[in-house]
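Two complexes follow with chain A in common, the first pairing it with chain B and the second with chain C.
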Partner chain A sequence: MSIHNIYIFDRMGTLLYYMDWNRQKNSGMSKEEEAKLMYGMLFSIKSFVAKISPHDPKRGFLCYKTNKYALHYYESLTGIKFVLNTNTSVKNVRDLLQQLYKDIYVEYVVKNTECEMGQPIVSELFKVKLDQFIKQQVKTLQ
Partner chain B sequence: MSAEDVLFDMLHAEIVSYMVSKESETEDEDLSVLEHLGYSCGWRLIERITKELSRYKEELEILKFICTDFWSCVYKKQVDNLRTNHQGVYVLQDNEFRFFSKLSNGTQYLKAAPKYATFTCGLIRGALENFGIASIVTVEINTMPSCKFHINVQQSS
Partner chain C sequence: MGIYGVYIVSKSGGLIFNYDYNVPKIETEQTFSYPLDLKLMLENNRLLVSFGQRDNIKVGHVLLAINGIPVAGRKLEDGKDALDMLDDATNYPLNLKFGRPKMTVNEKIFLASMFYPLFAIASQLSPELRSSGIETLEADTFKLQCYQTLTGIKFMVIADPSHAGLEQLLKKIYELYTDYALKNPFYSLEMPIRCELFDTNLQVLLEQADKNGIGAN
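This part shows the complex of A and B:
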């Protein structure tokens, strides 16, 4: 399995964090612009999914897939959004994202009082732990 | 980590940021207020956790007690290393100091680090004071999350 990249947005749509592992193709625009575009699309999909759903949507938008990659979406109750791009064959990414939120984001961002809420994350420790976490997941799921 | 530990961590962090504001020009004064908070906490806490212990006599034994029982009561772990020159100077080293463990594992935030250790300095000083040992406690931070507390016992002559 391979994990391409991750975006973390807060409730207001601010890009809190971006990291990539193996991304071969660039979008040809700045990170900020790309993040805005990404957030806009997610926002649209979310409301589209909620409107078009024949039943109560409950968990709403979960993921989409192309023939090259899959985008997985996880939103916490507080509105923190995790977006993970992987190859198409990866399973149980929802659990992975939930664990990432619980063990990495809450531990090293929320509990780090030097990190200001709603601002991009600059903590080195968070970066290291996130990288470790993803690499470990890649290893165990292979 | 249980919910009450998190509550203590959060409350401590809020007290620190309330006491020591970022643009403050009186940082030394702010820190001394924070240290005094720790002092009275330590003083009271030692009263509570020693109520069933026999009286200690040696200074070193008291310091050992601080490193083991007292530290595990507050931080759920023991001090990793205790050193002394046998002339009233003690160095307590905690390799995984609780208030730093979520902050950094290097030198990032090093400038902000001392304010998170000040309360603990007071805590140690207050505890020792209640054992009848007057001291000055300072902190040395090189690489987080490790932290060294220097205790300088004032000789009562």
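This part shows the complex of A and C:
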């Protein structure tokens, strides 16, 4: 199992946080540009999924896979979006993302009065905890 | 359970073939009294539920008929305005039919061409080197499997999330395409596929895959 990178967006599409672990390829554009492209793609996928779905969707888009990586998507009801890129064989990433939201984001961002909502996360504590969390997941799942 | 549809998108992103296979019909008819406990909204010339889910009526469903008379856009078939009718308390009780909006051909063409950039961006935003575009896209209600040939044509099938063996199915559809569409002298490349033999063979194949898919589970 390997985790490539994570994007956290708020409901307005602002990139709150980005971190990568082992990323082999850069998209050849700045981080801001890339985040905008990523958000735009997710936004389009969401509306695509809502329209093409044969039944009434509940949670909607979950993940997509290419031959090299898988993108997992979790959106909270408040619109915070977690996007995690892993290799294709990883399972149960949804639980992992939910846990990340509950144990890391809510604990170290929402409960931190210094963190302003809708602004990129600069908290050092959050950064450390997120890094720890992901590394621990990689270890336990191996 | 099963397969919902097949789409073929040409190299330039246009929808050249679409086949709906047992798409479920989601409709509910109920009698309402005044005032209506649903909030309706006019969007894309359709009246859809924007707030207030009840029974089997979900947000996003469109108003299909009032008292059995079909609604087209915001007007009833007999020329009355649907919104005016719903606002008038003297008309109640009313029998309203709601359902999940059916995709029009235009919408399908629009969605097919929308998938094209998504496919390309997914490969561009890849953290790994030399990644392909989207191969499988999963949602809670369906799974989309896409197979791109070396010549750039995309074959997509939409099926139940638990359906297995979609890659093989797509390769078989590709085989049918090469046999019955490409070898047809009246078929020109990049144009919509209208070949009877292709249609019939595809239908047989889908029926087979649907049965085997159920057997495998």
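In the analysis below, the second predicted complex is superposed on the first by the 142 of 142 C-alpha atoms of A that agree within 3 Å, B and C clash if a C-alpha of one lies under 4 Å from a C-alpha of the other, contacts with A are read in each partner's own complex, and residues count from 1 in each chain.
By our rule, contacts are C-beta pairs under 8 Å (C-beta built on N, C-alpha and C of every residue); 3 or more make two chains touch, one makes a residue touch a chain.
Since the structure is predicted, the reported quantities are computational estimates derived from the model, not experimental observations.
Three-chain overlay on chain A, with chain B and chain C fitting side by side and no clash.
Comparing chain B with chain C, the partner in contact with more residues of chain A is C. Between the C-alpha centres of chain B and chain C, as viewed from that of chain A after superposition on chain A, lies an angle of 140 degrees, to the nearest 10. Looking at the shared chain after the overlay, A:K91 reaches neither chain B nor chain C. Once the two complexes are laid over each other on the shared chain, residue contacts for A:D56 go to chain C alone; chain B is not touched. Of the two partner chains placed around the shared chain by superposition, chain B is the only one that A:K111 touches, whereas chain C remains out of contact. Contacts of A:K102 after superposition on the shared chain: neither chain B nor chain C is touched.
In the superposition on chain A, contact of A:K135 is made with neither chain B nor chain C.
By the touch criterion defined above, A:E34 reaches chain C but does not reach chain B. Looking at the shared chain after the overlay, A:K68 reaches chain C, while chain B stays out of its contact range. Fitting both structures onto chain A leaves chain B and chain C with a minimum C-alpha separation of 30 Å.
Listing the residues of chain A that touch chain B in their complex gives 107-108, 111-114, 123-125, 128.
Residues 6, 9-10, 13-14, 16-17, 102-106, 108-109, 112 of chain B are the ones touching chain A in the complex. If you check the complex, the residues on chain C that touch chain A are 4-5, 23-24, 26, 58, 60-61, 100, 103, 107, 111, 114-115, 117-118, 121-142, 144, 158. Residues 4-5, 20, 23-25, 27, 34, 37-38, 40-41, 44-45, 48-69, 71, 85, 87 of chain A touch chain C in their complex.
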